[in-house]
Structures are given as structure tokens and as C-alpha cells.
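Some notes on the structure that comes next.
Labels run A, B, C and D following the written order; every chain starts at residue 1.
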Amino acid sequence: MNLTGVFAPIPTPFDRDNRVDTARLRAALARWVTTPLTGFVVLGSNGEAVLLDDDESDLVIAAAREAVPNGRPLIAGAGRESTHAAVGAAKRAADLGADAVLVRTPGFFKPQMTSDAFVRHYTAVADASPVPVFLYNFTALTGVNLLPAAVSQLAAHPNIAGMKESGGDVAQIADLVSGTPDDFSVLAGSASTFYAALCVGAAGGILALGCVVPEACTRLYQLTKAGRHDQARALQQQLVPLAKLLGSAYGVPGLKAALNLVGCDVGVPRPPLTSVPDAALVALREALGHFEEVALMGQA
Amino acid sequence: MNLTGVFAPIPTPFDRDNRVDTARLRAALARWVTTPLTGFVVLGSNGEAVLLDDDESDLVIAAAREAVPNGRPLIAGAGRESTHAAVGAAKRAADLGADAVLVRTPGFFKPQMTSDAFVRHYTAVADASPVPVFLYNFTALTGVNLLPAAVSQLAAHPNIAGMKESGGDVAQIADLVSGTPDDFSVLAGSASTFYAALCVGAAGGILALGCVVPEACTRLYQLTKAGRHDQARALQQQLVPLAKLLGSAYGVPGLKAALNLVGCDVGVPRPPLTSVPDAALVALREALGHFEEVALMGQA
Amino acid sequence: MNLTGVFAPIPTPFDRDNRVDTARLRAALARWVTTPLTGFVVLGSNGEAVLLDDDESDLVIAAAREAVPNGRPLIAGAGRESTHAAVGAAKRAADLGADAVLVRTPGFFKPQMTSDAFVRHYTAVADASPVPVFLYNFTALTGVNLLPAAVSQLAAHPNIAGMKESGGDVAQIADLVSGTPDDFSVLAGSASTFYAALCVGAAGGILALGCVVPEACTRLYQLTKAGRHDQARALQQQLVPLAKLLGSAYGVPGLKAALNLVGCDVGVPRPPLTSVPDAALVALREALGHFEEVALMGQA
Amino acid sequence: MNLTGVFAPIPTPFDRDNRVDTARLRAALARWVTTPLTGFVVLGSNGEAVLLDDDESDLVIAAAREAVPNGRPLIAGAGRESTHAAVGAAKRAADLGADAVLVRTPGFFKPQMTSDAFVRHYTAVADASPVPVFLYNFTALTGVNLLPAAVSQLAAHPNIAGMKESGGDVAQIADLVSGTPDDFSVLAGSASTFYAALCVGAAGGILALGCVVPEACTRLYQLTKAGRHDQARALQQQLVPLAKLLGSAYGVPGLKAALNLVGCDVGVPRPPLTSVPDAALVALREALGHFEEVALMGQA
């Protein structure tokens, strides 16, 4: 399984009755599989995973596997607060055809979430999962930090294949790379620092931005790997405004709005999330207009 | 329904196979109903609610209702990240006999969790819930803050009865009290500042400490309401060391260990939580030894 | 020396040429000495101490001593980043007639500012100071926290008389009170939590609000000490809006604007501080209008 | 004036009586001027500037100018909390021969330190300073953040030549570079992210690490500029452990201890700072041992 390059964390479409809409999910993926993206992640943060129940999660994975041909990596989110539930989610994801699972750190009981607790949790999941496990650290949303020393220890597990680090702390990404074997795949989650993360050794990224401008994100990866740093840096600068809109500014609602603007119908987010305000649409249209690969549609 | 005084947030016992142990839950509640506690909360943070699935949650509520006589308030946690799931949890809790539901703020998508989002979320839950709703703010664990202005707005909803504020920011508690009607019940969640919260107008508390020393907590409430401030302050000082051990120091594992030490068998927490280290047992025994109402048992 | 009740932290007036204006300082103090305030603090945070050089600081203390009769406590700020400079400032303040010095924690080298460092720093200052020393913790501005354990240790020093704790963490104030002897004077700095701080045992407060509504602040102190808690709580609620404007909302510029509005001419703050915006004046006039003791003047 | 490459922020030696020791300062600089470092900064954070009074500061600049030949950039710290004092410090520094001044953001009155306040402050200093001004942002110590939008505005001032950004947020450094003209020199202050900062366009760095291993730091700069990224990344990894010891772990005391270990006698820090514990010496010796350019001496 190729664990380098750019993966897209796919949003979950809902229909008018707020139910998971697998038809629109398959339609969107049919489009994305024609892009140079390495693979796809469903049920990540951008997939609104925490807003879905287990049955809905299973629907999403099954639909995605139909749309993503074998051989093209499909990674499914399987993070849960309880170790037992995370194990169950990983097993179900594997049964439904996921090639790997992405397991977000539990984070509710913050003071108890020590490195030891994380090592126990991930070891239990990796021991039980039929498919490889990716660690997943997203401190800005979880309030806990999976530190490089714990990752270094976990990377020795034969069923832990890599990690998504969503933070923009490039020093921490560098530490993750230098503290793990070469075949441990550190994937960046922050598009604004993707180029810098690649410079310090990240194997690729799982980028919401990759849903919207997959060719530009992939080109940034390729330019960096080819040592064409001036071009890479210029492309990174071009990507930053859009990355910020999809990241800290508008999050998942911003991603869904951007996709709707480029003709990829993924609907609206689930409450308590809501659609972005009109000002966001204006900013998104402006930012998207700089990319040749996108064809702007009518109103989002 | 009496919404003043001290409520205990009941831990959820698990058996040796890590399953919800309703027999031990009923046995523990049979003991607590003999204390002067006003009522009980199941499936709060101390109930490890985020580590239980929906079926297990239903088991807990049903078992608690069997053990808590009608007329004695039983509040069930019904917080979920999605509005739809919170509505469903509130309905099920009501069907199973809960007198009210305690709905923690969603907190995963932090930047989107504005006051508007909270108002929409809680309004939808309160519109649909067959029983009164308590708001629940626990910033230290969720990373979001339900501000007094939003609470003031929500307090006008006829089906929102009160709030649990778990933070120790007494100015915020004072603002919650002054910004809501007199019959809106602001309950404090931080035992270390319980006396101060009562001084500024809190109607009572939902205190893990209340599981362990229910008489002392109730006495602190009564002394304050009776205007016997010197005694109240002295009792608060006496409670602080134990409150810290059950709070910031050891959390839910600390609560379970303390209860086991006083002969209330609630077992061990669910992974990724683990039992407290031996040093915690020593500190807990020491702190518990100052309270006449507890009879220390052998090793926890 | 009476170390209970309400102290006012006096702002430093500047003239049109941005020089310390001792005439206006004396005039303002002449007014304040007629109020029931216990005493006065010059060169605190509200005195813009960090914007004055040593010569200017000396001018302020000397002028204040002229205006404040002997027997009425005058406390001078003597905080410096270096221990040596703090010692020098304390000695000069004593020479100029200050009854005590208020020594803010050094805070620039944050990771090195451990409890040990604070104990060494304050011990050196207290050893050398001819007048009693007050510790001064203001975490929101300094980014460091002088913890109760260190204060407990320092309170044993014969020349350390008390502490100003500017934070609103009432649990910490309670810990400071319970960890120090009865004659160690814990003074609160946050007006929004003054009543709660008094409840948990604070000896009084050093309150910017006390410059503007000295009678109301003093009455809040007296009501609480007299056990008239309902009236005290109501008065605290009345004070909160104004306290917030002088605190987190507008700080020193807000204090100067409020004083100008009530006819106490203290001029404008020193750059990089600037006068408050017009919206602040509107809010201040509205908040001040609820207090009988103030007579609103024309525009600030 | 060359504003690219690596600058060293020189520590300030004190003698046994805690006085500024200009002889040792000149001796140390005599050694550093033989290295490939671009230039030198005195009275930065690592120069313990906040622990010196104005007379001592003048001594340091004068002594440094004697030791640093004209043509080799000498930058002097001139940050003060008040605008007026910062202007005075900049003028004195210029009179004493500094080629530029490095002006740290004021940070005491945090809520008032808006972008507008920073723009006013720096504009006033730059208008008055006889030599070019460098902005200086060190959020971890000051608690305030000089944002790229304000820097972009200030970069238009003809007397503002560049900026030191001490934070490790590489996205912010990228924004600073993309928001300022090509001849505006963004210098990184975090050695752990120096390579990444150079990748995103930093012109160089002001690195405590540069005092200890000037050749390695300069080589990292040159390798990156030459496009030899694999070697640069490997060298960065080699530098990280030492960078952490001099940064977050031990700060200024760590820098002084490291220099003493390599035979550059800079004495001990000024109280409230103290010498590092023995464990730090062990760690520093171990980390230093990996660099050929250093010759370890006896005990620090």
C-alpha cells in the first residue's frame, strides 16, 4: 500500500432529511478517483465522524469501498473514546473493506490521557485490528497531544503503519520523522504548513484542501520531492489563503461550501454545525478563482 | 422537583469482563438513597458516559431508576456531539424514567461552537425532550465555554430548568446566577469552590465529592444557606484536599478508588482509563480519614 | 499598620508633555484621603509602573507621601525583573516614605520562574527592604503564577506582610488564606470576585474600582465582614459591570477615563497605551450612572 | 548591511560582584568575530536585557562595538515597555555605534497591545531612531503576538529593516515572508525550526545556538540556500537536541553553561536566574560532544 503523497479526507454528504447520502458520496468519489490523489480517508474529522452513529459509519465505509477501486488506498476513521469501541470500529471497518484505519486519540479525560494511556490504547487497537493502524493527533480539536516519544514507541508495533499529525508545529513533525523508522508514514494534516512538513520529512498529507484542489496539492508534493523548492514554496504560498478558509476559519462547513462551489455536491453539515455565512462564500469564490483546475459553479 | 442542594454524579461499575454491572450500580445507589443527597446524576463525566454505547447507557438509566425512588430526582446525561443524537438520548432517558437530562455542550468542532450554535443545539434538544433539560458546561474537558449571555437566552426556554457549571470561575457562576431567573437552578460542579459558588448564588452542586462524603457536602450547603459562614468556610477548607484528589489530580479513577476504599464497590474504570497508582491510594486514605462519616475498608 | 479593607491603586497622571504630573497626583490623592479607603498603592499595574523610569517612580512616591498623611498606609510598587533592581527600588521607596512595598513577580524568563526562583527573589528583597513586603501575583499580565505552596513558605519571613492576588481564581485565594498565618494579609485584586474572595477569607482588596467608587467598595467589604451576605452579594452584582470595564475590557485607559468622567483629572495614559475609544466612554457613563457617590462630569 | 545568514545573540557576562563584565564580553566577542557568523546581537533576551539598567546597557553596547569591527553588523536590543523609553534606548544605542536596533514588542498591558498599538509604537521608534529598526516578536515570553498583518504594514516604513520572529510557528514565518518586500529581512529565532524557516523564505536567524556552534548553524544556512536539502535536513536533526537544551529546557542559564563548557567564559546569570542544575551540564556535555567545532573543557 502506497502511504505517500496526498490523501483527501472525504466529507460525508447528508440528504434533506439529515440522513447519510451514500449516492452523493459515491458520486463525489467517482470524481475524486480520477485525480492524482494517492487515496482517500472517510470518517475523519472532515467526515463529521463524531456526528455519525456506528450504523451510519458502516454505510459510509461500504459506499466508499464501492467507489474506490481496490489497490487505491481507502482509510477509515475508527477513533473512539473507549478502547473497546475503537477496537470494534477497526474490525468493522476492515470487514467493510477499508485498507487501514485512522484512530484519533481519545481526548475527553484529558488529565488521564498520558503517553502511557495512549500507548496502551493504540497497542490494544493495533493488536486487534485486521488492517494497519494510523495514529491520529489533532491537538487543536482534542486538547491532548500525542508526543513524539510515545509515537516512537508505538512505531515499533508491526500493525501501526503511520500517523496523521494535524498540527502545524513543524518541529514536532520533524521529531516524529526522526524518531520513527523510514517506512513509518508521517502524514501532515495542516495544508498551510504542508511544504514545510515535507521539507522536514513528512511522507505526505491528509489534506481537506486535497478534496478541493487535488492537482495543486499533489503538485506541491511532487515539486518538493523533486527538489524544486522555489516552485514548491511559491505554490504553497498560493495555497495558503484557501487552506486557511478550509481550516481555522470555516472548518468542515467551509470544506462543504467550497466543494459545492466547484460543482461537487456534498450538501450541508449536520447540526450543531451549520452552513457557512455568505461572507465565507465570497471569500471562498475569490480564493478558488486562482486555481485553474476548479470550475466555479453558481451559488453554494 | 427539588433542584437545590447536593446531587451525586454516580460512577458506572463494570464487571470483570468490562461490561456494565447493573447489580453493583443498584447496590451502590441503595446505599446513597439513605443519605441526605437531593438526587443523583447518571451518565455524567464521572459516569464515564463517553465510554459507553447507547445500549449500555440505557441499561444504566433503567437500573438507576429501579434503585432511586420516584420523587427523588434522577438526572441522566444525554450529551452527544450531534444535535440529532442528543435529542434521541434525551427521549430514551425520559422513557426509561429519568426526571431530567443533563446535556453537555458539544465540543469537538471547537471553532464552530459559537453561542449561536449552542443556542440552536440546546433549543432543539429542549423542544424535543419529554423531561426538563439541564445545560452542562465543562470547559476543562470540552475546550469550549458556554457563556453567560447564551445561558441567559436559553434560560427563557420553558423546558430548560438549570445548568451544571463545572468550572471553578466564580465570577462566571455569579454572572450565570444574575443573568437567569430565580427558578433557574445553577449547580456547581467544582467541589473546591462549592462554598464560594453558593455565596454568589448557586442553587447547589453536582459533586463527585458528594458520592464519597455526602453528609459533609450537604452540611456545607446547609451551613451556607443558614448564614453560618464561618463554619461553612472551615468545612470547605476541610473538603479541599479530598476534592482535589477526586478532581484535577485523579479524576474518575480517583473517585472509583475512593469509593472502593469506603466500602462502596464500583470496580475499576474502563480503558483507556486505568486504576489509580498506589500513591493515590495512600493520599486518598489520608484525606478520607478526616471524615467521620466514612469507614475505611482494606485496600481499594 | 491596618492591612484590611479596600486599598486604591492610584493611576499616575502625566502632563501634556508626557511627564509625570505630581501636582495632579497630589490633587487626586487629596480627594481620595477623604474617602473611607484604608490606604493607597502607587506604582502598581494601574500606576503604569512599567512605563516609568526610576527617577519618575521616585517623584510619584514622594508626591504621594506628601498627600497621604502618616498613619494612612501608602504602599509603593517595587517590582523589577532583576532581584538587585527590586531591592534597590524597595530601599528607595522606603526612603521616600512608603509604608510597605508591593513587589510583582518577575515574569520575563517564564520557564525559569519556578517556585524556588520566586522564594529566592522575595527572600532577598524582604531581607533588604526597610519596610514590609507584599507579594504580588498577576498571572494574566505576567504569564507566571506564584503558587500557594511558595507563598506559604514566604509567609514565614518576618518582613513579608501579605500578598496581592490579582487573579479571579477563588480556589487559589482560599488556598492562599488557608496556607498562611492569620496575620498574613491576602488582598484581592479582581473586583468582580471581591465578595467571593472575602467569603473565603481575603483580608481586603487592592481594587482599581476603589479609585472610582471607594464608598461602594468599602461598603461591600463591611457588609461581608458584618455577615450581611444578601446585601453584599447584591452590591457585588451591581459593581460587576463597572469592574469589567475597568478590568478585562479597558484596563488602565478605562480607569483613567472613568476618573476623568467623575471629575478626577488624571489625564491620558502613556504610549503605547492610548485613550479609550468613544464606545468605552458611553459604556462607562452608563455604568457609573448607577452609583450615587459619583457626579458625572462632561466628556472625558 | 548584510541582513542574511546567522547572527548570534550574545549573553552578558557578570563579574563576581554581579556587575557587567565588559572585559569578558570583549574577550568572548574577539573569539566570535573569527567565526563565519554574519553579525551579533547584544541586549536581546539571551543578553538578559531586562535584568540590566540603562547605564549597564550602554556599557554593553560600547564594549561590543569595540570588539566588533565596523562593517560587521552589530545589533543592539532597545525594547522597552514605554514608547518614549524605547525611543531613548534606540538613540543611545545608535550613539554608541550599533548598526541597528532590535525592539521587542511591549507586552505588559496585554489586552491593550493590539495591532494598532504595535504599529504606533514601532512607527514612533522608527521615526526617531538614527539606525534601522528590527521588529522583535517573542510570544512565548511576552504573551503577545505581533501578527503578519501589522508587520506587513510596518515593513513599508523606510527605517524598519526586518524582524526577529522567535516563535516556531512556521506558517506564521511564511506569512511574514509573503507579506513583506524581498529586502525585508525575516530572521528566525527558533533553532529547532531553523531549516524549515529557511525553506519558507526566512533570510537567516538570530540563534542562541549560533553562540555555541556557529559553524554548524552557518553551514545549515548555506546548505539550504544552496538547495542541498537532504544534507540540511540531516544537519538540522543533529542540531535539535542541543537547540532544545538552550531553548525551552534551560534558556539563558543553559546558554551560559554551554559556553562555559566550550571554554568561552561568560559566567553565571543574574538573579532571579541561577546556574543550571548538574543534570543540565551532563545533558549539555553529551549534546555538545557531537560537534567537531567545539572543544569541551572541564566542569562548567
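Definition applied: contacts are C-beta pairs under 8 Å (C-beta built on N, C-alpha and C of every residue); 3 or more make two chains touch, one makes a residue touch a chain.
This one's a predicted model, so the numbers in the text were calculated from it and none came from an experiment.
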Fewest touching-chain hops separating chain A from chain C: 2
Chain separated most widely from chain D, comparing mean CA positions: B
Homomeric contact chain C-chain D: same or different residue positions, threshold half: same
Winner on C-beta contact pairs when A-D is weighed against A-B: A-B
Rounded Å distance between chain B and chain D, as computed from the means of their C-alpha atoms: 50
Centroid distance [mean C-alpha coordinates] between chain B and chain A, Å: 35
Residue numbers of chain C (touch at least two other chains): none
Interfacial residue positions of chain D with respect to chain A in the complex: 168-171, 174-175, 178, 190, 192-193, 195-196, 199-201, 227, 229, 233, 236-237, 240
Complex contacts: residues of chain B adjacent to chain A: 18, 45, 50-54, 81-85, 106, 108-113, 117-118, 120-121, 124, 140-141, 143, 248-249, 251-253, 270-274
